[in-house]
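Right, I'll just put the structure down here and ask away after.
Order of writing sets the chain letters: A, B, C, D, E and F. Residues in each chain are counted from 1.
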Amino acid sequence: MRASFELPAFIVDRVVTLALEEDLASGDLTTEACIDQDTPARAHAVAREPLIVCGGPVFERAFARVDSLLVVEAHAVEGAHAPRGARLWTVRGRARSILMAERVALNLVQRMCGIATVTRAHVDEIPFGARTRITDTRKTTPGLRALERYAVRVGGGRNHRDDLGAGVLIKDNHVAACGGIRQAIERARATAPHTTKIECEVDSLEQLDVALAAGADVVLLDNLSTVAVAEAVRRTRGRALLEASGGITLNRIAELATAGVDAISVGSLTHSAAASDIGLDFDAGAGWA
Amino acid sequence: MRASFELPAFIVDRVVTLALEEDLASGDLTTEACIDQDTPARAHAVAREPLIVCGGPVFERAFARVDSLLVVEAHAVEGAHAPRGARLWTVRGRARSILMAERVALNLVQRMCGIATVTRAHVDEIPFGARTRITDTRKTTPGLRALERYAVRVGGGRNHRDDLGAGVLIKDNHVAACGGIRQAIERARATAPHTTKIECEVDSLEQLDVALAAGADVVLLDNLSTVAVAEAVRRTRGRALLEASGGITLNRIAELATAGVDAISVGSLTHSAAASDIGLDFDAGAGWA
Amino acid sequence: MRASFELPAFIVDRVVTLALEEDLASGDLTTEACIDQDTPARAHAVAREPLIVCGGPVFERAFARVDSLLVVEAHAVEGAHAPRGARLWTVRGRARSILMAERVALNLVQRMCGIATVTRAHVDEIPFGARTRITDTRKTTPGLRALERYAVRVGGGRNHRDDLGAGVLIKDNHVAACGGIRQAIERARATAPHTTKIECEVDSLEQLDVALAAGADVVLLDNLSTVAVAEAVRRTRGRALLEASGGITLNRIAELATAGVDAISVGSLTHSAAASDIGLDFDAGAGWA
Amino acid sequence: MRASFELPAFIVDRVVTLALEEDLASGDLTTEACIDQDTPARAHAVAREPLIVCGGPVFERAFARVDSLLVVEAHAVEGAHAPRGARLWTVRGRARSILMAERVALNLVQRMCGIATVTRAHVDEIPFGARTRITDTRKTTPGLRALERYAVRVGGGRNHRDDLGAGVLIKDNHVAACGGIRQAIERARATAPHTTKIECEVDSLEQLDVALAAGADVVLLDNLSTVAVAEAVRRTRGRALLEASGGITLNRIAELATAGVDAISVGSLTHSAAASDIGLDFDAGAGWA
Amino acid sequence: MRASFELPAFIVDRVVTLALEEDLASGDLTTEACIDQDTPARAHAVAREPLIVCGGPVFERAFARVDSLLVVEAHAVEGAHAPRGARLWTVRGRARSILMAERVALNLVQRMCGIATVTRAHVDEIPFGARTRITDTRKTTPGLRALERYAVRVGGGRNHRDDLGAGVLIKDNHVAACGGIRQAIERARATAPHTTKIECEVDSLEQLDVALAAGADVVLLDNLSTVAVAEAVRRTRGRALLEASGGITLNRIAELATAGVDAISVGSLTHSAAASDIGLDFDAGAGWA
Amino acid sequence: MRASFELPAFIVDRVVTLALEEDLASGDLTTEACIDQDTPARAHAVAREPLIVCGGPVFERAFARVDSLLVVEAHAVEGAHAPRGARLWTVRGRARSILMAERVALNLVQRMCGIATVTRAHVDEIPFGARTRITDTRKTTPGLRALERYAVRVGGGRNHRDDLGAGVLIKDNHVAACGGIRQAIERARATAPHTTKIECEVDSLEQLDVALAAGADVVLLDNLSTVAVAEAVRRTRGRALLEASGGITLNRIAELATAGVDAISVGSLTHSAAASDIGLDFDAGAGWA
């Protein structure tokens, strides 16, 4: 089964509209001056570097919200690998409309492709046969969480809990306030939805033992060495899922996966991903010259 | 005169509310379970790496929108250099409220400090005595443009035009549609507000000559070598401002400034800045244990 | 430890503002005509029937959004039982402002008290010693989900997953599309966040066996008789949590709990709760007559 | 002439979008995992109990906002009586999209049908030949007033004033503040729009006499016995419209109508209507199995 | 009794925020450059021509939304007559904040004072002893209806129906569609809220007779001569209220009032009112120089 | 080249929706009562006085947001001169929908045509051969700035800076705070975007000299006599653009243009433009009668 992903239309519309308000609320001085009203054009989004394709539905809506007559064609499915120079999408219609929406469309897909690409790089580090998943965190760009989590999935990663209401994650401050890991886990289990796993963060093997004894469903190993992680896997014996986290860099993925953790959560997928370099090339002669 | 910057309150409120809706709209399962209702706490935002301080007003509002009784104190002015370990801001009040707003507050200021810090790194490359300014571009994060442009200023950079309605920038497609640089400049001057300079992008010295002859106020030198940039400065003789752009990296700043351009616009300040590493450390005995 | 619940301020503000827009966007003809501008008043929200107190923060904000000088005092904590005639909250300030916000405030708290009260009635049916929890469903009033889920917690119930992104619940159509319960569970486990339990709906004991064998974390027993539910508990032997659902009425709670299910989800808590009868009584002589 | 009702598109869109944001803002974990991207489906909204059909335009938009390619067909007009088992509407298109919008669509139409159905039950109590109308009140669900008032009309009821700016209704507190019914009516008539009737609430026949003498256009008889209502009709002799209100139950409708009141306003039509039971049945074999 | 008017806070906030978004979303280049961060200032809104004071609460909020520490003092009540040169309101606080909000605050109050002033001019034309009221129409500025209707009341006028749902006004097209005035009135009376009067537009005395016979509560005399209006008053004999409308100019008010109509509705109060000339004068020496 | 203007679709949608919420949020009592559901109609927007056509895209969307099946046909291009009686646009579809959107559509285009028409009147005063442009100011209607600036362009005027972030305009208070015109200009040039001209307001020829010496790009001559303006032109010798402003009336345009200023900014174009008189005439036999 080929993977495929959903991004509900009303979410895309909200983000695109917000971005257009920022860039185009007072019109486009240059385009209104220089381009005749009905000049047609055709332009191609082109990968200026290798990347994982992501954001087709967003690209399409950014143009459609400026001019509903613009037509976008996709040349690759979401998640495909595009080599340098590959055409990703083509937009046709009034030149003015294309130029007015260009920056917003590119800003969004460059970010989405950037996240999908860096996610794929991490996923590709997982050794053959290992079942470890790469996940995002809540360290997303404010306002763009739905798009960035989608980009992580498109890149081959998996999502962590969406927000504070979608899962329990007991951290050091919760533990301190409750007087111990066991007490915190018990309080969470007593009140959180029965549909939610109880995850607890630990920073030592001793804490891990306590969390397991208290019945944690998932244990987050915070900033543990790979040796300690491997020991954690041994001690756990499948009683809980183990997630490694904390300043994870690309070159540690393989060893952590080999150590046997179930998940590696990587904040930098979203909080520090560089934008992919994508340009919009206009066909010469399509409407002018 | 000490530099100082403004970020209107209603802009901050809009962004903060949007971010809170994303993360907290369905509550905080863990905190409601583990923290008693009236437990007090005090927590410090601490630089985990050297950075330029940016985002105090945003940090304050993120907490205030969750609980208007939280109090935030700033330990450094916007734009200050903070060494690793420095306390940036302290928040006091109900522990629950602090934990519920923590991630949103950090996501925002980590991004803002990241941009201010990378901007400062570019600004610091300008040789003593040179008058070149480092500017941002419109390659900002959708929804966060006002905050990111503010961060650029805090970092010592300057802003480029805010949006498509705030300035004229004639690019290759406009030129192609008009039949030439001269025609494009004339059309723009005829209709754009008289308060706006006419900027024209060129990718050769020949185009520069045409743009100057047509009376461009600013010429953007797109992807020119430093040698060509120096020649452009010579030819221009102050008739227009010159802006270098296109894949600018940190190590080219000094030579471009020395060549004499008036501005260097750097998209990566905003589209690819890594988030600064900032943690929120709770005081041990402030409210529990 | 006394239970206590959180309702973030920005959520309350959004709902209250929407409700005021509906009722007061074109002013209050009667009050502007009949009440002098600075007449003071004091009014008490009074339970006209026994109820569980719920909605104090909402009541307060409804008045504050019309006039920030109104002062609200609460006479009972959230979740308390109020007998007929009990004063719940008192509001003081300009009579005009109180009259303008009265209906919006009452509409909201009558609904919230109604849900808390019917939830408590269900919770009180759980026999002593049983650990079964009463939960809500996603059958909430559009626009009011956060308030209604809060009211369920205040009433002593627990929340089910908040939304479609906060948990996996495999229903008959998912099963049909996947070709079987086992396949559906495997697909969900492969892609859903590792922080989320996999819940699967079944309508027979045979399906239960399949779901358990496939490793479901929670099984929803849809419209099963109490006898079948008891048999399901026996077969499951703690391998998964069991949730009874489907047209649950108050008089079946005790027998289902006794049968040993972990959770009973009740759509009518939110989709059909009658509003509690609460009136706003003005003090005679507080400002007029 | 057959009755027919309007619900402007932008109102429906706003409510539907708000509801989708609540339920689907972070995607649908189960559906994305279990349903292939292009699987088609067809599903029918079916009455699980007798009801008055209401909400077709809302049902349609809930699906359209998730996927503009979904097609909805209505099998009955608004206001029709549907027996148990009747198909109300059919939706066709991508199975994923249908599943993602299902709950939001059902939550809305179940509420609307519920209100239309209970309204019809009240209307059907009006004896043949009586001209009494059943009306709603302002005790509507916050955020859903337009939909609920529409449902009342569809059920055969009539609307009361929409909001505080759409009509004058003098209540006891207004009377107390003005120093008497006569003074309150005079003040209201002096300032309220000349397009608005002056309605005054009374709780005794003595007050009725005063209100009539002061020229009230409508008098609301609050919590009067049927005998007193009949006497009120006699005294009024058509000088004003009479409206009975206050804890009206279904079994008093006939006697109040016979007593001759012009309108009976019933808060429970909207504040306590149970949702109608409506299911969404998928065609087996339409897209899978 | 002194007249007084209400403008709910959440309405003012919404309008002010929208206006600030338009003018200040990308900051204030000039003020940030030229004014030091903590320079204090005091400025006075001064009438540059005689006017009716209107908009104090809006003036205050425009400044407060930019900087909650600004303090506004009102020197005159709403509705007062201000001679040329009069100080209306004074604002104190950071100079930057005052300058950033100045234009938005002035744009709003100039419009509101303009409407109040032109309304007062019309009201002053009503001869002593006549009971005719001057009213607005629905020809208001999109987005500002609540503020403009408030300004009409402050100016001594009265409001017409607020919107299409707040009253019945049968116009020529409704009549044409129904097949006659009588049929239209009957249809409206059968379905419109019983709290609403039935108003019908007529353009001849013959139509007036029909409308009266059909029981219209209000008849709008559209573009009738003063002689015809006087005849209409005679024929009506108090059976309905009469409203004159259609291209009313100031110099016809007196004669129409003398003719005895109950209301004169004047679209130009809102659709074509000139803004009052109001300046903001800064105290020299308050914070600089 | 024929002039042509852009108004992005999402801007129009936002304004139209806001206006419809105001007028139609609680339905249209009269139309629902009097017009049958499927009655078709055709109606023509007709100029009741000579005007400049403006607002076609807004007119179209106002109808489309109420009923997406309405079809609008334009009979004239934006900016055309329409004589009294000319048909501007025709709308066809359900009569109910047309009547429900009529007032909102007319309110918007009457205002836009009014602004375009008064702008054209000013532009027509410019003597043959003069290059002076007529511009708007920031004295626009809150919430309608984008539409009003568009109308100014359609009328043949030019726009001034859009908002406080789109240009520098140093006024007397900035000068006072900086200690002089020179200092203010230097501070602005140091921090404002290099794409923005520095404009400075002066109220005497002495101040003009200082501004020119300091390198102002544009000088605003505030309330200067025509003689003084002519002298200013002489002194400036093209070193800066000159803009005349301050209480400009139509009859001064020619002399100011002859004096040689580059721009005349006229606040009354937007803050006091009378609405154009436009009616909506329904075809008699198109759907009824």
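Annotations for the structure displayed:
One rule holds in what follows: a residue touches a chain if its C-beta (ideal position, glycine included) is under 8 Å from a C-beta of that chain, and two chains touch if they have at least 3 such contacts.
Just so you know, these numbers come straight off a predicted model, no measurement behind them.
Contact with both subunit C and subunit F is made by A, B, D, E.
Among the remaining chains, the Cα-based centre furthest from that of subunit A is the centre of E.
More C-beta pairs in contact connect the chains of E-F than those of the other pair, out of C-E and E-F.
If you average the CA atoms of subunit D and of subunit F, the two centres end up 43 Å from each other. If you average the Cα atoms of subunit D and of subunit E, the two centres end up 32 Å apart.
The set of subunit C residues that touch two or more partner chains comprises 22, 24-28, 31-32, 36, 100, 145, 162-163, 165-169, 191, 193, 196. Against subunit D, in their complex, subunit C makes its touches with residues 15, 18-19, 22-36, 39, 41, 95, 99-100, 103-104, 106-108, 110-111, 114, 138-145, 163-171, 173-179, 184, 187-188, 190-193, 196, 268, 271-275, 282, 284, 287-289.
If you check the complex, the residues on subunit C that touch subunit E are 17, 20-21, 24-28, 31-32, 36-37, 65-68, 96, 100. Of all the residues in subunit A, the ones that touch subunit C in their complex are 133, 135, 153, 158-163, 165-169, 191, 193-197, 199, 217-218, 241, 243, 262-263. Taken in their complex, subunit F has these residues touching subunit A: 1-2, 4-11, 145-146, 149-150, 162-163, 166.
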